[in-house]
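For reference, the structures are reproduced in the following blocks.
Common to both upcoming complexes is subunit A, partnered first by subunit B, then by subunit C.
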Partner chain A sequence: MSRKPYHREMSKTTWFLKQSRYQHYMLHEISSIFVAIYVGVLIVGLFRLAQGPDAWAGWLAAVTSPIGVIFHIIVFIFAIIHTTSWFKAVPQAMRIQRGEEIVPGKLIIGAHYGVWAAVSVVVLLVAGVA
Partner chain B sequence: MSQRTMELEVMRYRPEMDDKPFFQTYSVPCEEEWVVLDALNYVKDEMDRTLSYRWSCHMFVCGSCGMVINGEPKLACKAFLRDYDGKIRIEPLHNFPIERDLVIVQDDFIEKLESVKPYIIPKQEKPLSEGEYLQTPAQLKAYKQYSMCMNCLLCYSACPQYGLEEKFVGPAALALAHRYNMDSRDVGRSAREHVVASHDGIWACSFVGACSQVCPKDVDPAGAIQQVKFSSAVDYLTSFLPGGKR
Partner chain C sequence: MARSAKAVPWFVFAAGGTVIAFILPVMVFVTGLAPAIGLFGDALSYETMHAFVSNWLIKLILLGIIGLAAWHAAHRLRVCAHDFGIRADGPVSIAVYGLAGIATLLTIIALLMI
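Take a look at the complex of A and B:
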């Protein structure tokens, strides 16, 4: 008897709406766009700083305006999503074996949060905030 | 033992008479301790002999009875009916052509599995008389997790990357390549590299991670793939150093 396998196609545009785990994946992928945009804003800031006090003051006024603050809050939320979702995945990519034992994932994730907190404190100290 | 009637909505596809799959509902009197496979076996034995599905061990060893149960890729022998309300929707594994009813065509996976040379390639073959290849518990630990794969294909069913791009070598085959690469008795890494570290190999994985979430043996194929990406990237960068192979 001849075979007649049936092929089901996955939608190229809506596949990620089908399952919550795909939606989480998309959320953490999309969060990288906001992180990239913010890197762009910071680079523009550097250029404005190099251009002189007036240019720098203009950039500073833009990022501290009401729209600038709202933009920061949105980017901050996505940066948190980006960081925490990647930290969660780190033990999978970073499998550390000590003798016959694998270093527990919680320890690796905890170390990442520890370094994150330490770097944040240093940045705040340098910025004169804390 | 208590009984309750479960509605099984089973995807049917009979290539000799159907143009496309459809759902057929069976009302099955189920015992409390049954798994989905027991309910399917009841249908096959008592209600409809034409229903086709794969199974063998009924004890979570062979990996034959993978199917999509209420949208989630699962082994039918490990899906207890007590965890479901009265209705269960059963489909063949996603991302594979349907041969008949719940039976999928596995040829693509088998070819990919072969392509990663899933066996030990020793540095030098030695005769049996010289005894076994010795290995410490730590050396065993390095790959044991990945050796638990039983080719049930739940990971391929969960992987959107495989669903969108059929050329992707896929989670289980890449995890098994990693299993042999991590084995102290094996020197076949470079022989597997042209498949594993290729565009359609590890680099086609975007780390959705669904494969690891559905894996019934906690193999963590997504983790294996990310680790190979790291070592492959190190290979690439060190190739620029003096004496590096390009």
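Take a look at the complex of A and C:
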């Protein structure tokens, strides 16, 4: 007796386009590509800074060029996608118990948003003062 | 219970994800968008930046951020490759973790040169 097993048609490369949850999942996975490229840009910047004023001016000119600005806007959007999707997953990874009660997820997420705002303000102040 | 060697990469992945979640948006804004708008005056001038990054504490913080971001991105890229139908996990792992290792090494070299 031979039975033909049922195989659901599924593309290996475009499967995530079928459902919006998969699209969201892919969106935060893809954010890593832009994080990786941004890391590369930063490392080049550090080398340019070590090489002297002219090299640094060249890096800064590249960053502020139209292509540089478009690239950084894209990285900025994906960085925020990473932050919000990471915070959303925190309650699943971190269960805090206080006495008998488990601290509700919304409170943990809220605290993360608070710290995020504080960190951002501190970095902006350092950048403005430095 | 058997000990798993996965604990170490997982810790780096989770630490990296957390650190870049808090710091990356504002960092991209400061290094990538603010100079284009002309915000902060000459905060990104050579003299200010060189003096700023010459501080050892700042060097350590930068190494932490860049290193963790690189290792976190490497792990995610490995999963990404799988999701896009590339099933050669061995070579993919070597490529992405190798790149993260090179990125970390280059960051250390650049910071030591400043």
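In the analysis below, the second predicted complex is superposed on the first by the 117 of 130 C-alpha atoms of A that agree within 3 Å, B and C clash if a C-alpha of one lies under 4 Å from a C-alpha of the other, contacts with A are read in each partner's own complex, and residues count from 1 in each chain.
In this text, contacts are C-beta pairs under 8 Å (C-beta built on N, C-alpha and C of every residue); 3 or more make two chains touch, one makes a residue touch a chain.
Here the structure is a predicted model, which means the values were calculated and not measured.
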So in the superposed three-chain picture, is A:I102 touching just subunit B, just subunit C, both, or none of them (first/second/both/neither)? first
When the two structures are overlaid on chain A, which partner does A:A93 contact: first (subunit B), second (subunit C), both, or neither? both
In the superposed arrangement, does A:R3 touch subunit B (first), subunit C (second), both or neither? first
Contact breadth on subunit A, by residue count: subunit C or subunit B: C
Touching partner for A:T13 - first (subunit B), second (subunit C), both, neither: second
For A:G128, decide between first (touching subunit B), second (touching subunit C), both and neither. second
May I ask you to decide whether A:R21 touches subunit B, subunit C, both, or neither, giving the answer as first, second, both or neither? first
Common interface positions of subunit A, toward subunit B and toward subunit C: 12, 16, 29, 93
Counting only contacts in the complex, subunit B reaches subunit A at residues 13, 15-16, 20-21, 71, 94-95, 97-99, 105, 137-138, 141-142, 160, 163-164, 206-210, 212-213, 220, 222-223, 226-227, 229-230
Subunit A touches which residues of subunit C in the complex? 14, 17-18, 20-36, 40, 43-44, 46, 48-50, 52-53, 62, 66, 69-70, 72-74, 76-77, 79-80, 83-85, 99, 103, 106-107, 110-111, 113-114
Which of the residues in subunit A end up touching subunit C in this complex? 12-13, 16, 26, 29-33, 35-36, 38-43, 45-47, 49-50, 52-53, 56-57, 60, 63-64, 68-69, 71-73, 75-76, 79-80, 82-83, 86-87, 93, 112, 115-116, 119-120, 123-124, 127-128, 130
Residue positions on subunit A within touch of subunit B in the complex are 1, 3-8, 10, 12, 15-16, 18-19, 21-22, 25, 29, 89, 91-93, 95, 97, 99-102
